[in-house]
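Handing you a structure now.
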Amino acid sequence: MISSDPLVDTERGIVSREIFVNDGIFAEELETLFARAWLFVGHESQVANPGDYFVSRMGAESVILCRDKQRQVHVFLNTCRHRGMKVCRYDEGNTPLFTCPYHNWSYATDGRLVGVPQHKELYPDLDRSQWSLIEVPRMVNYKGTIWASWDPKAPDFLAYLGDVKDHLDQVLDHRDGRPGGSEVFGGIHKWIIPANWKFAAENFLGDTYHNPSHRSVDLIGIGPSANAGQNTGRRDNEYQGGQHVWVSFPAGHGVHSVWKQPNAPYVESFRDNKEVEEYFRHCYEERTRRLGEKSRLLPFTGTIFPNTSYHGRQPRALCVWHPVSPTQTEIWRFFLVDADAPAAVKDLLRHYYMRYSGPAGMTEQDDMENWNYATAASRGTIARRYPYNYQQSLGRVREGEPIPGRVSTQVTEESARGFYRSWQRYLDGADWDALIGRAPVRQAAE
Amino acid sequence: MISSDPLVDTERGIVSREIFVNDGIFAEELETLFARAWLFVGHESQVANPGDYFVSRMGAESVILCRDKQRQVHVFLNTCRHRGMKVCRYDEGNTPLFTCPYHNWSYATDGRLVGVPQHKELYPDLDRSQWSLIEVPRMVNYKGTIWASWDPKAPDFLAYLGDVKDHLDQVLDHRDGRPGGSEVFGGIHKWIIPANWKFAAENFLGDTYHNPSHRSVDLIGIGPSANAGQNTGRRDNEYQGGQHVWVSFPAGHGVHSVWKQPNAPYVESFRDNKEVEEYFRHCYEERTRRLGEKSRLLPFTGTIFPNTSYHGRQPRALCVWHPVSPTQTEIWRFFLVDADAPAAVKDLLRHYYMRYSGPAGMTEQDDMENWNYATAASRGTIARRYPYNYQQSLGRVREGEPIPGRVSTQVTEESARGFYRSWQRYLDGADWDALIGRAPVRQAAE
Amino acid sequence: MISSDPLVDTERGIVSREIFVNDGIFAEELETLFARAWLFVGHESQVANPGDYFVSRMGAESVILCRDKQRQVHVFLNTCRHRGMKVCRYDEGNTPLFTCPYHNWSYATDGRLVGVPQHKELYPDLDRSQWSLIEVPRMVNYKGTIWASWDPKAPDFLAYLGDVKDHLDQVLDHRDGRPGGSEVFGGIHKWIIPANWKFAAENFLGDTYHNPSHRSVDLIGIGPSANAGQNTGRRDNEYQGGQHVWVSFPAGHGVHSVWKQPNAPYVESFRDNKEVEEYFRHCYEERTRRLGEKSRLLPFTGTIFPNTSYHGRQPRALCVWHPVSPTQTEIWRFFLVDADAPAAVKDLLRHYYMRYSGPAGMTEQDDMENWNYATAASRGTIARRYPYNYQQSLGRVREGEPIPGRVSTQVTEESARGFYRSWQRYLDGADWDALIGRAPVRQAAE
Amino acid sequence: MAAEMARDLAYFRLREEVEELLYEEADLLDQRRFGEWLELLADDLHYFMPMRRNVAFGTHAEKENTRAGHDISWFDEDKWTLAKRVDQIMTGIHWAEEPRSRLCHIVTNVRVLAARPSCAAAREVEVGSRFIVYQNRVETETYIFAGRRNDLWRRADQGWRLAKREILLEQNVLLAKNLTTFF
Amino acid sequence: MAAEMARDLAYFRLREEVEELLYEEADLLDQRRFGEWLELLADDLHYFMPMRRNVAFGTHAEKENTRAGHDISWFDEDKWTLAKRVDQIMTGIHWAEEPRSRLCHIVTNVRVLAARPSCAAAREVEVGSRFIVYQNRVETETYIFAGRRNDLWRRADQGWRLAKREILLEQNVLLAKNLTTFF
Amino acid sequence: MAAEMARDLAYFRLREEVEELLYEEADLLDQRRFGEWLELLADDLHYFMPMRRNVAFGTHAEKENTRAGHDISWFDEDKWTLAKRVDQIMTGIHWAEEPRSRLCHIVTNVRVLAARPSCAAAREVEVGSRFIVYQNRVETETYIFAGRRNDLWRRADQGWRLAKREILLEQNVLLAKNLTTFF
C-alpha cells in the first residue's frame, strides 16, 4: 500500500485524502490560509458610485465591498461591533449608512462608528474609533478587480502574483489589448456544492487531463459558433497551432495558457454573428499591434492561489470557491466583458457564458458531479489510507521556457503539485518569503 | 485590535464571541451549567390531578413533570433504565403508569420500577429500587411554578433567587397582590431558532437598549388598548412617572423593573374593554392596599439565571431557552394569567399575548431575526477575534438603592456583565457560595 | 447512582450509554472494528455472470462486488486511485470495465488499472500494478454468501464463525437440508434510520424479551397462514414443543434457535396454500432424513458479529446494519429463498417477507421506532451518566448444553453481554486470538 | 358533510370558482399585494392556526389541537391584527421580513365541503384545501410548511370574502424561526 | 394512451370527478378515517410501490424498478394486508404510529389516461397523479415523500373503487425510517 | 390582468385545457420523453429563470430579479439550447444526469392570466402556475425546487406551443449542485 506521510509529498507525487475530508484540517485552512492569502472580493464596476455596496465573501465570512463618500473603496467584515449582528443583509444597493437592526449602532460607508444611541449618557468613555467596522488591513484594486487579505504583513499583491500576472492581465485587460476596461455582468452566480473547495481550485489551474469527462458536451457542441451549424465542441478554437503551456508559479498559482506562433493569423470565431466576428477580429489585430510579442499569450484557465480561478476567453469569468465545510463549497462566479463592447457582443457572450458555466452550464455540471462524488468517496476509513496520485508528467518541467514560471509543454499535474506544496506551507505557518516562494527559501522548503 | 482573554472580562466590558459559537464551550455549558443550575420545568396547574403529566425539558433533555397517586409532584428524566427508550412520547395526558414500549418495563407515577416482565425467572437478583426512573435530586414548587436542579448540593431555591425574588413574585402573584394564584394557559409555544441561547437570556435580563429594533411594531401599535384606536406601541404604559431600574443580582439574575412614585394613581389601561379595565383597576387598588410600599415595584422583563426569562405584565409569561447546539435554541413559552380572572380578561390577554410573543408575535419576530444573524455573523474565523462590547453604563451602578441588588437607573449592560460573570464561574466549576455570590466569595472572585 | 467504568462491564451487566451516542467512539468503531471484522457483502446469485456487479457497502463505505472474466468474484473499494471519484454510481449491472468519469482511468473487472489516457507521454514511470482498485485482502464465498474483511491477518471465516456455523447453515442451506441452494430475491431493501447500529445488532442476537413491543402485530396476525383465517401472530409456529435456546459465541455472535424434540412431527404451516404446504412438508421430511440429529436445530434470529443479522425461517433474510453516524444507520436487507422452490412458494414467501420486514414491515416498524427513540433519549448529559441494564438471566448459562456455545434455555441478555465483551476487545485493539475468543486468551480478558 | 353533496355540474362549477379564488389569493400573497389581499377578508374574519399536540390514542378529538377562544395558539386572530401585520411589513423596518422573504404558496386538494343555500346559488361555502408554503429568506434560510385549511367564504357584492379560516399545520414543535407569512 | 383521448367536455367532467375522488381519499387518510378509506378499495386491489434503482443509460425500462409479482418491493399488496395495517394502527399500541403521525397528502397533476368504455360512460378509468406526502411525528421527526401514481378505478354500484395502484416514489435509498402511511 | 377576465364557463374550460397541457408536459419530463417535450416548444421560445436578490424595501420592482436580455441569469435561453441539453442527456455520458435523476414535477395553482382574442377562441394564453420539483439522484442526493411560472402558450395547428416561460425560483443562493432539470 502506498502510504502518505507527510500529507503532501510532491516529490513522489502523492497527496493524502485527509486534506479533502478532515474537519480539523479544514479548520486549520480557515485559520492559516484563508485568513492570510489574498482573496478576490469583487469588481469596482459593482460599486461605481459613492454609497454603492456589494456584499461578498472572504473564506467562510460575509464582507461588505463598498465605496465611501470620498469614492474610496473599502472591504469590511459584515458584523456589528456591539453584539455581532450582520449589519447588511442585502446583496447589493446604495446607502449612506450601515445601521445595525439590533440596537441601531450605525457605521459610515468608510466604516467609522458614527451613531451610538444615547452615547453621552450610556457610553461616556467609549472611544468609537476603536469600534469601527472591521476593515481588511490589506486591499488592492488591480485593473478593476478588488482583492484583500486579512494579514497586515501580506506582501504587495503584485509580489503575491509574481509571474502569473501576465496571464491574469490577459483575462482582465480589454480584448483589444488596452489595460483593464472590463466590467462584470449584472447577476452573480452563487450556489453550493457538496465537494471540497480544492477539487475546484485544482481543476482550474490546469487539469486539462479531465477533458474526457466533457465528452458529452463536446459531442453536441455549444461553442460561440455552434448555432452557426458547425459543431465546435465547448468553444471555438482560437488557439490553432499555438503551443499549449501549463505553468506553475512559486506562490501556488497555476495556469493553462497558449503561446501562439509569431504573427499567427486571426482564427475565425464567433461565426454566428457578423458584428461580433468583426469586433473580435478588430480586437485581435489591435491587440497584436499593441502587445507585440506579448500578444502571443492567450489564457485558457488558471487559479490564483488559493481559491480564485478564471476562464480567460471562452468563457471569460472569475470564480471563487468559498469554503463552507470540508465537503461543501459555495461558488460565486463573476462574468467579465469589455465595458465598451457593442450590445451584440455582450449579448452573444452572455448567452454563451450561461450555457457553459455554473449549475446550468452544460460543461461545468459534469465537473461538479465529479467533485461531489470524488469528495464523498474519499471520506471512508479505508479510502483515507490511500493517497491520490499526482504523478502526471512528474519532473517534465522547465524553468521559464518559453515564458516565466515552471513550464510544461505537455499535460501535467505540476501545477497541482505546486498548489499543494504552497498549501502545506500555509498550514505549516511559513513566513511570506516561503509562501510566495522567494528562491532561497523555496529551495529550503523542498 | 481589542483582544479578549479571558473569554469574559466584565471589568473592561468585553466578552469573546467564542462562547456563542464554539462547540466545545457549548458541551461544557451542558455539563457544568445546565446540570447544576435551577431550571424552570412547568406549572402545577399543568398537572392538577393524580396521574397528570406534562413532558418538559431541562437543558437539552426531555423530562416528565407528573403528579403521583399521593398528589406528589415529580420530575423524571424521560428515559427507560433498561435500554434508554423514551418512556413517554406524548406531550401531556394522564396515566397510571409509564410503560416502556420496547420491553414493557413499567414505572409508577412516583418513578418506581413496578413492572418487569418475567422478573422472577429473568431478574431474580434485580434490586428494582436501584432502577427507578431518574428523578431530579432537587425540586421546588414556588407559587405554582416547578423548578428543578440536577445538583444534589444546589442551594435552596430561595437562596438561589436571592433578591430577585421580589421581582419574580410580581410576575407570579395575583394581579391583586395575593401570593400565587396564577395559572398557565393551555397551549405552550415550542419552536426552534438558529441562535445561541444566551442572546435570548441576555436580551430579557434588561436589554432595553434594543428598543429601536422594535420601531416597526411601535409605529403600528399592538398594545392591549390599540384596538380602541389610540396607538399605544407595544403595550399600554402602566409605568408612567415611575423610575425605571435595571438590577443585577449576584447569582447572575437580572431584571428591568419600575419603581413607581409613592401613591401613584392607577394608569388607565386595557381601554378596549370596560370589564377588563375595571378588573385591572380593582386589582391595582387591591394590590396597593395589600402590598403598601412594595406595591411600587412593577416588573418589566427579567432572566432567572441561566435560561428562564419572564415578561412581567404586558405580556405575562415565562420563557425557557433550551440549548440545542451553539447555534440552535428550542424556545418554550408558558403564558400566565390570574386563575380566577373573568373570561373577558383572559380572552383579551390571550389575544394580546399571541400578537406580541413567539414566532407569530409582531414584537418578538424581530428579536429572533437579530439573534439569528448575530449568531451567524459571529462564527467566522476573523469575527471570533473581535469580542462583543459590554461597556454600556460601565460602573454606573449603585448597591441597593432604591431596591436591593446592583441597581442602575439608566439603561445599562450591568446585568449582562453580571450574567456572564456568573456564567464564567459555572464553567470554572466554582462552588455554590461563589455561584450565588455570597459576599466574601464574590469579592474574591472579582 | 450506578456508574459505568469501564464502558462495558459484563460481569455486573451494565453498559455505558456513551457507546451508543459518542462521536469519538463511533470513529473508533470504524477504525478498529469495521476495518477488521468479517462483513457480509452480498450473494453470488447477484453476480451470476462475468461482468456482473452489485454495489454494496462495508462499514460506511461503498464497495463493488463483481465477477471478472475468469468468473472470479472480487470486492473492491468504489473509488478511483487517481482523485478518488466513485467509479461506479449504478446499483447493479454488467460491464467489461469500470471507467472513471473524471479522467477516464479504467479498471478491469479484476481490479487491474488497464486504461490510463496518454499514459506513455504523461505517466512513463507509472507502475499500474500499484494503482489497481483497492481490493479487500480477505474474501470468502460461504454457501453463496460473500463475506470480506479489510484485515489481512483476519482468521479464516470458519474460524471466525466458530460454532455459530451450525445456525447460519440452517439459514443458508436449502429447506430440504441440502447445503446451500439459496438465492437472493431481486430488490434489496435499503433505508436509513435515526438509531445507533448496535441497537439493531443486539436486538437480533436474541432479544426475545422485546416481544411485548410487537403485541399490535401479534393481535392482528400476519403470519404465512394468517390469510387462511386463523390468527397466527407474526409467524406460523413451526417450533411447537421445541426447546428454545439462546446461544452466545466467543467471537461475539449470538443466536436464538430452537432445539426440537427428537423425531418431532412436522408442524402444519403455510396453510394458505396447498402447494406451499406440501413443499414445506416435503422439505421437512427430506431435511430430517438428511440431517438426522442435526435437523433438530431450527434457527430463529441471530447476529454474526458485528453487523450481519438474520431471520432464519419466517421470514428468511440477511440484514446488514451499516454505520452512518452514532445516531444513524443505513439498513440493507437481502431476502433468501430456495433457488429451486416452486413459483407459488416463492410468491407466498415474498409477500410474507414484505409485510413482516423493513420500513413497510408491520413487525419491524415498531423495532425501528424503539431504536430511534432509545438512541435519542440516550444522548443527554444526565442520561449518559446512567448505564443500560444488561442483567437479564445474568449467570444463568451453561457451556455446550444441548448444543455448543454458551447456552441459555431461558430468555437472556447473555448474548448481548457477549456481544459487548467482543466489542470492547476490538476497540482495545486486541489480537485475533482474543477476538475470536480462543479459550486461554478469553479467560485472561475477563 | 361533503359526502352528502351531489357531485354535479353545479358542484364542479362552484369548485372551479373557489379554486380560482384560492389561487388568486396565493398570487396576491406571493406577489406581496397585501392591500388587495386584505380586501378579500371579511370584517368579521376569524383566522385560526392551532398548535398540534402528541396525545394518546383515542384522545385526539378533544386534545390534539389547541382550542380557539380558549388556549394559546399560533394564530387566533381577527382582521384587525392581520391588517397590523401587513402594516408592519410595509414599514420597511420589520426586520423579520426585511429583506423580504421569497414565498411560494402551493394550493391543492381544493374541495367544496358545503354550499349554502346550494351550489348553484351559493352565498356561503365551506372549502377544504391543502397547502405547502415554501419560504426562503436572506441567503440559505429555508422553511417548508405543509398542512390543511378549512375556510368559510361568503359571497358579498364585491365578490367572495373570507369569513373563517382554520389552518392545520402538520408540526408539533414549530420547525421555523418565525411565522411572518400568511397561510 | 392519454394522447389519443379527446380533451372534450366529457373528458374534463370525468377528470373533475376523479380529482374529487382523490381529494376525498386524501381527506380520509389525513383525517384518519381508515374505515371509510378501506371501503374505497376493490376486493381485488393490487397496491404496488417498487424500489427504484440506479441503472445504466438505456436499461431503465427493464431494470429501473423492481417488478410486481417477482421482486421484493416496498409494497406489493392486496386489500387484506392494507386492512391489516389499518387494524394494527387501531390497536393503539402500534408504536411506529403511536403517537399518531401528522400527515398531509398533497395530490396534484390528476389526469385521466384511459376511460372505458368512454369518458361519458366510464366504468373504468386509468388515472395518473402526483403526490407529496408530508409526515411529521413526535417532536421534530419529518419526512417528505414525492412521486407519481398510476391508478385503475372501477365504478361499482356504491361508487368508485380502487382496483390498481402503482406508486413511484422518487427515492433510491428510502429516506425515511418507516412507511407507516398509505400513498 | 387576471382580475379583469370574466370567470365564466369559457374561462374555466380554457383553464382545464391549459391544466391538462401542463400536466402532460410534467409527464413528458418525468417520464424522460424529451423528444415529445421539445415538440411542445415554439421555435421562438424564450425560456428564462432569473436569479433573485435580497434588496432594500421599495426597490424590488427594479432590482429583485436579474433581467432577461441584460444580466446573467440561471436560464435565458432559446429552443436551440434546450434541445442541446436534451441531446447531452441522451449521449448517456452526461455524468451530471448519468445515472439519471429521479424527478417529480408537481404543478399547481394554474390560472389563465390572459387569453387572446378570447377565452372561447383563444389563440394565445398567458398562464400562471406554481411548481415544486423534487429531484433525487444516485443514493441520497435530494433537492427541492419551488416557485412560480409565467407562460405564454400559442395555439398552432398541431396544438399548443410554449412561446415564453419565466420561472421564478424562490431561492437566492441556489441550494442545489446543478440545474439539470427543466422547469
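Letters A, B, C, D, E and F mark the chains as written, and numbering starts fresh at 1 in each.
Throughout what follows, a residue touches a chain if its C-beta (ideal position, glycine included) is under 8 Å from a C-beta of that chain, and two chains touch if they have at least 3 such contacts.
What you are looking at is a predicted structure, and each value in this text was computed from that prediction instead of being measured.
Asks: Given that chain E and chain F are copies and touch, would you call their interface same or different according to whether over half of its residue numbers are shared?
Replies: different
Asks: Quick one: report the Å distance separating chain C from chain E, using the average Cα coordinate of each chain.
Replies: Chain centroid spacing, chain C to chain E, equals 33 Å.
Asks: Measuring centre to centre with CA averages, how many angstrom lie between chain B and chain C?
Replies: The computed centroid separation for chain B versus chain C comes out at 49 Å.
Asks: Quick check: what residues of chain E touch more than one other chain, meaning two or more?
Replies: 54-56, 93, 95, 98-99, 106, 108, 132, 138, 140, 144, 172-173, 175
Asks: Touching two or more other chains, which residues of chain C qualify?
Replies: 89-90, 101, 192, 213, 366, 369-370, 373, in rising order.
Asks: Give every touching pair of chains, nothing left out.
Replies: Listed by label, chains in contact pair as A-B, A-C, A-D, A-F, B-C, B-D, B-E, C-E, C-F, D-E, D-F, E-F.
Asks: Which part of chain C faces chain F closely enough to touch in the complex?
Replies: 89-90, 101, 192
Asks: Which stretch or stretches of chain A touch chain B in the complex?
Replies: Interface residues on chain A, with respect to chain B: 30-31, 34-35, 58-62, 77-86, 89, 101-104, 117-118, 121-123, 125-126, 130-131, 134, 150.
Asks: State the interface residues of chain B toward chain A in the complex, per the touch definition above.
Replies: 2, 17, 20, 199, 209-210, 212-213, 366, 369-370, 373-383, 386, 388-389, 391-394, 410-412
Asks: Quick check: in the complex, which residue numbers of chain D touch chain A?
Replies: Going by the criterion above, the answer is residues 93, 95, 99, 138, 140.
Asks: Taking the touch rule as given, give the residues of chain E at its contact with chain D in the complex, in rising order.
Replies: Its residues touching chain D are 13, 16-17, 20, 23-24, 26-27, 30, 32, 92-93, 98-100, 102-108, 132, 134-140, 142, 144.
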